[in-house]
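Here you go, one structure.
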Amino acid sequence: MSTDLVIAYIGGGSRGWAWTLMSDLAMEGALRGVVRLYDIDRQAAETNARIGNALLSRPDVVGKWHYEVADDLKSALRGADFVIASILPGTFAEMASDVHAPEQYGIYQSVGDTTGPGGVLRALRTIPMYEVIGNAIRDYCPGAWVINYTNPMALCVRTLYEVFPGVKAIGCCHEVFGTRTLLAAMVRERLGGAGVRGAQDDVPGADAATMQDIEVNVLGVNHFTWLDKASYGTIDLFPHYRAFVEEHFESGYEGTESESWLNSYFASGERVKFDLFRRYALIAAAGDRHLAEFMPGRMYLRDPETVRSWKFTLTPVSWRVENVENLKQRAARYASGAENFALKPSGEEGVKLIKALCGLGSFVTNVNLPNRGQIKGLPESSVVETNALFARDSVRPVHAGRLPPQVEQLVAPHAIAQDTILRAAMARDAWAAFPAFLGDPLMTAVPADVEALYATMLEATAKYLPDYAL
Amino acid sequence: MSTDLVIAYIGGGSRGWAWTLMSDLAMEGALRGVVRLYDIDRQAAETNARIGNALLSRPDVVGKWHYEVADDLKSALRGADFVIASILPGTFAEMASDVHAPEQYGIYQSVGDTTGPGGVLRALRTIPMYEVIGNAIRDYCPGAWVINYTNPMALCVRTLYEVFPGVKAIGCCHEVFGTRTLLAAMVRERLGGAGVRGAQDDVPGADAATMQDIEVNVLGVNHFTWLDKASYGTIDLFPHYRAFVEEHFESGYEGTESESWLNSYFASGERVKFDLFRRYALIAAAGDRHLAEFMPGRMYLRDPETVRSWKFTLTPVSWRVENVENLKQRAARYASGAENFALKPSGEEGVKLIKALCGLGSFVTNVNLPNRGQIKGLPESSVVETNALFARDSVRPVHAGRLPPQVEQLVAPHAIAQDTILRAAMARDAWAAFPAFLGDPLMTAVPADVEALYATMLEATAKYLPDYAL
Amino acid sequence: MSTDLVIAYIGGGSRGWAWTLMSDLAMEGALRGVVRLYDIDRQAAETNARIGNALLSRPDVVGKWHYEVADDLKSALRGADFVIASILPGTFAEMASDVHAPEQYGIYQSVGDTTGPGGVLRALRTIPMYEVIGNAIRDYCPGAWVINYTNPMALCVRTLYEVFPGVKAIGCCHEVFGTRTLLAAMVRERLGGAGVRGAQDDVPGADAATMQDIEVNVLGVNHFTWLDKASYGTIDLFPHYRAFVEEHFESGYEGTESESWLNSYFASGERVKFDLFRRYALIAAAGDRHLAEFMPGRMYLRDPETVRSWKFTLTPVSWRVENVENLKQRAARYASGAENFALKPSGEEGVKLIKALCGLGSFVTNVNLPNRGQIKGLPESSVVETNALFARDSVRPVHAGRLPPQVEQLVAPHAIAQDTILRAAMARDAWAAFPAFLGDPLMTAVPADVEALYATMLEATAKYLPDYAL
Amino acid sequence: MSTDLVIAYIGGGSRGWAWTLMSDLAMEGALRGVVRLYDIDRQAAETNARIGNALLSRPDVVGKWHYEVADDLKSALRGADFVIASILPGTFAEMASDVHAPEQYGIYQSVGDTTGPGGVLRALRTIPMYEVIGNAIRDYCPGAWVINYTNPMALCVRTLYEVFPGVKAIGCCHEVFGTRTLLAAMVRERLGGAGVRGAQDDVPGADAATMQDIEVNVLGVNHFTWLDKASYGTIDLFPHYRAFVEEHFESGYEGTESESWLNSYFASGERVKFDLFRRYALIAAAGDRHLAEFMPGRMYLRDPETVRSWKFTLTPVSWRVENVENLKQRAARYASGAENFALKPSGEEGVKLIKALCGLGSFVTNVNLPNRGQIKGLPESSVVETNALFARDSVRPVHAGRLPPQVEQLVAPHAIAQDTILRAAMARDAWAAFPAFLGDPLMTAVPADVEALYATMLEATAKYLPDYAL
């Protein structure tokens, strides 16, 4: 299987996850096969196919893959062993409304693609698309493993299971890696100088600790995940994190990103994460800009000034528009050979877990799956994020236990809101999702204003809600 | 058993539930025995004993009971068949802080004894008291049935089960009766004129429908209960309620109370209830002043003006102080014989369920019990309110099903907050309950203010938190 | 609804349940409408229609119903409010094999229609028929309440839910009534002489106690149900039953049947029930001939002599053949008017629960439903028997709790075997059910013999397994 | 922690598991500390201490441990980091009754220490001992990890959790390793010749496959465990196992043991395992002599001739008596230095999982733990065997899924019987366990004989049931 793989890539014109995959596949010698790129922007897929196929002849490429452009979903999926889904639901025009429309009512969002008002609207657009994808998987490749990267993660994965209960779908996200990276930085800072040595021969000493050396137990929903256990070798990291937080709480900590939060829409000073630890005693494990969106609006996203004081940023959609233009030009340079497509390990685990599912090395990592009891206290069937054991043709959740009540109280409403939004979207009844919109913790407006905002936002995305009752 | 009963009444100096019980017992001929009144205000208990014993010789009294004053909890409980608990945890001084202290931060509470900031503080005071009660029940009357009326209801009942898992405790509340009374009024108004006849010989026609004729399925937590099914004989009341709500939404409906909401701290125009139906499609089944407190502060309790527009009232503690003085004087008149203690059916079910537990007539009614699956989707062990079958020495929940997600999202956080508060109180760590305080939907203040408020409120009730770390 | 009802009767040619229903409907004045009789023996349905319609003009009939013969399932079901299903799956020829074929291997069955080798074979025949019925209900009357009387009860009900999860189906059985009748006889015998009076005005004294006066908590699977609580008014019946069992264990007790077990294939001396109480400490609540079949073959059904010593009987299929001939002749006499169709209360609850579902009187009784937690410790989804609250358009299980482990160990394997048989039947793979056949507690033969027996029995019923792989 | 460990060994005079541990510790350089040996046979513990301490000075020993003899449980446990429990409950005299007394009723047992009549009696003896151990752990080392090797495994572990719910206890057993070893032999036989290469560089080719290369999903109860998934690298082993079973079914397969089943009480021809696969379609994963005991007596243990035909053996207790004498002599030789204590990898994982719990290398292996949902369909709280993730101070079950019903029907009654036996033993009421004894699948006798047998066996072990009502 591992030498004759078919990967269907939905959203194959992507200039983010797709390039990451190409690079990681190229550096992995144990797998080979075909990647079928499918994208509604066919030209983007074609460009990526050119980029990918150019790798075949490069001497530094050990993983040999052919890239094809698929005409439609059916021809992409038929007989696929793996399906990767990473799409932009709608365009940046819709996303601009998702993120910025609420600002007129004083509601600020740092991302706007997962939760909060933007998350609700994006979900309404996305769920019907994922119904189509789920049905097509059932029809054309029911045994394939499906790896989703699209947000809103939990609802994308949930929709697949809803329309095709036999689907073998998982949702993958690198946010927890970011927090493990932060913990590794903390280990280097606090223990490295003390000369703490690696616990095993194959584990580096504390002064060289990396994300891989940090073991954690993960519980939560995507982008609002928590750690109730974190270790570096024999060392419990919680006491160290407590001291670390106290030390850096006021000033923030910027050791893990190449850029300061002042210059980057993705970096942060980790102050939200630190505050959550002080208040709730668990380590929140996602970027601050995600975490802040799950908390009451009066806490971290009250207004731009408050956001600045917590040392993270609001990512404007205008930046995304600009960024994609830059990437398009880079894609053209890659495709023409004007720029070399550099191979470097991405830090993502997509290829590693494809290997594991092929039988080439079991391992444990965090993943989004329907709750079958891996987290007690969150609703069965809601899609949750925990560790899971990846092995040949199987992903089995590891029992994560239960969140302490002070955190469960924060997470559970978001898990339940998945149900409200899912049912509304599957019934194509936009206002049936309004209770989730009205009740979101970010929402600070009075009901009449919330209704007006919702109507406005529905209107702005109406093109992508064709068969909805609005 | 039914002719030699021992009832221990904790809080037996009560001038509310105690008088109701005396009256109902006096009118029920199938039971007799002794009621042991225990109260930290011994004089109040003595007055009540005098009132109760005076009934023995009255010819209109068919239920013959002796009333005794117990010196302490132990002598009240030893060998009791039933325990009734209805206490005021602390005094009105503490309650004044619970209810009114948050107002300086713009947080208004209509009751302040169940949820919201006042509910948290009251729970911190009450849980240690219920630990004492639960331990004493285990030691002195482990087989007794315990009927709790004290608020916060869910946490009182929960604490009893926590300290003595074998306890046979239930929590009884009349709020659902109030909504069934409203539905009966609706039946009379909408169907009575149409000449709809009773479904059975023993059921009155629609023009004479009463609360007892309305059958409902109950789900929720105390004071935030919901109905997903309501019937009058063969008739589904949901379509009628929909029309009824539309008709009365703007003006409110005042048919079920003897007084207008303008003159009463307990009556309402039911507008909150109507709004909840329009938004969430289930019938909320408690008084509006309770319901409003479980919802986001920006909705119904934004400020006194908003409260008025929803046609309910904020019950000031000053009124309670005044009212209790009146009742004390009335108690004195009762005890001295200056005023006749009138017997009239209370509409409460305490005596009816004592009968059922004795084996004198099984029936189904709503009650608060730990969740053993009677409501799917709310945490196991949290105390929830559903129907239950009462029979000889048994109370068995009826499967209530699951709340739809748009309502579950509202209810679940309150059920989870029980855990946070319970653990904090049992650990005597007041600040461990702060996340529940901070995250309560009524809370609209920024974290720094919330901290200041919490500190102030803890201070105001410190006398009743003697062994807490504050 | 209650005056314009449509009842579809599948197996409407029945001379047992159908006549009971006719009689009970005729005596109930609150309901009227049409009963559509559908039977593959059309002539039997026509005879019943004649019998039923003749009642219309009788002055002693207060419940007026029209009886129609339906041409097919679709026309029987379309628009029905209630569906009653009581069919004979196959003929007595197949049943003769079910019951008697195992005897050559020393395996005796007293009924052979629910469990044991006969039960497995009957289930294989019946499940495909119930798939057809379930699909037709989904298509033609999805909102109807479905009352099943066919055995194997649990698997019939389970199949309906399997093919149409939205079905509102319940399984009704009178076996528990029989045990309540026995307990009433015990009350009369042991307490009647002592002058124990009824607990309430409307409850008769102990000397006149009837089945209705006995309240019980029911747990188990159909025909293998157990009581862990039984009351007569204020009296716990367990101590009395213990004494009663000790008194009558050796000789047996025959007070509840009109005939002695020596002369009847249905009566018994209750000795199996008494032995089960002595061994397992709960009251088994079904006829002894059913109970015996769920226990290891070496206990009560070892051989005919053992059966006699336990004072119950093996019901031969030859008797059923003879009996049905007698009933056919009686049916002809009823239809021609040669014999009067006598009205007498059947003791069955079918009509009472139709009334309750219409909204004409809620009550609690035992019923078979998929396990949604009403019995802890038995598999979710297996069909179990407990009390339930019947009300307008709803049947809600009452929490029955959990069987003690010594009984759960007996019951659980039967509940699990439902799964094995169901999956095998739905896959039309007869040998996939063989593990249930081999592992049945009645089975005492060595594997090679069990295989031979299974092959023989499949052959004998092959006509009714047309699309099976055998 | 890993360099200053305290291991308390209860049953430290053991000549099996203790020597294995000594050897494995001696070969592991990452750990060191003290092992406290506690045994009621103090001399045996002292001999082992001498053997262990002699290792300290050996140059081939990299793991340096001091061995001490503890005077009592308290001094063994106080402050321990790990507790190992491997005791013989009672003596071989009691075990002789357990195993052989039933033979007079035609009931044969191949081991007699886990299930069947012998298993019940042994459990009655053992549970009170484990209550003592559990209470002592709670009092003296509540944070220690407890590794149990004593049988009956499930009930030993269960008892610890029952008396001390906070205990961190696991049950370890090598039976699954044996089946993985068989699968490795199959891989070598069937795939090795075909030149199948290892999936990864660090995985050997098929001709050199070992147990470690076989990955499985484990479900069941100890000694009655099943695999529903088995892989060698990218290869699904189920089709290969099917062919392998067909090939070897008649003759049996003896490739995995050093001795033939004819000469060894532990080896087998795997025919029971093969038959179970043919009948139930899962791979049973324990030695045949264990598996056979969980199945109906008429299948594999009908009589010694049947046992021989299935190519396994009945282990007589006389052999154990003889064997222990040999081991005692060897112990003396080791202690005196007359014989060299050879170091060789045991294939056991005890030391590996101690390392993992210290933080020195996470891994996944099978283990016995209370069911928290890791196996659906088996009772919550019963101790079950599945894979789990071992990491620093944590053991988290991996979701194993659910047994198919034909296997669940076999396993569930054993899991439920744990409850019956546990409650009986904790209540010191021996006859309360009789239903488990009577209903065991091995039991083929009629009830009167079963009662006589039980009485006899209780008598034989009465010395070890001092505070029981017999």
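Worth pointing out:
Just so it is clear, A, B, C and D label the chains in written order, and each chain counts residues from 1 on its own.
What we mean here is this: a contact is a pair of C-beta atoms (placed from the backbone, for glycine too) under 8 Å apart; a residue touches a chain by one contact, two chains touch by 3 or more.
Not measured: the values here are computed from a predicted model.
Sharing over half of its contact pairs with C-D by residue number, the repeated interface among A-D, A-B or B-C is A-B. If you average the CA atoms of subunit A and of subunit B, the two centres end up 45 Å from each other.
Inter-chain centre distance (subunit A to subunit C, centres taken as mean C-alpha positions): 54 Å.
None of the residues of subunit A touches two or more other chains.
Taken pairwise by the contact criterion, the protein chains form one closed cycle in which every chain touches exactly two others. Contact residues of subunit A toward subunit B in the complex are 279-280, 296, 298-299, 302, 377, 379, 405-406, 408-410, 412-413, 416-420, 423, 432, 434-436, 438-439, 443-447. The touching residues of subunit B, counted against subunit C in their complex, run 1-2, 30, 199-200, 215, 217, 229, 231-236, 358-362, 364, 372-374, 376, 387, 389, 391-394, 396-401.
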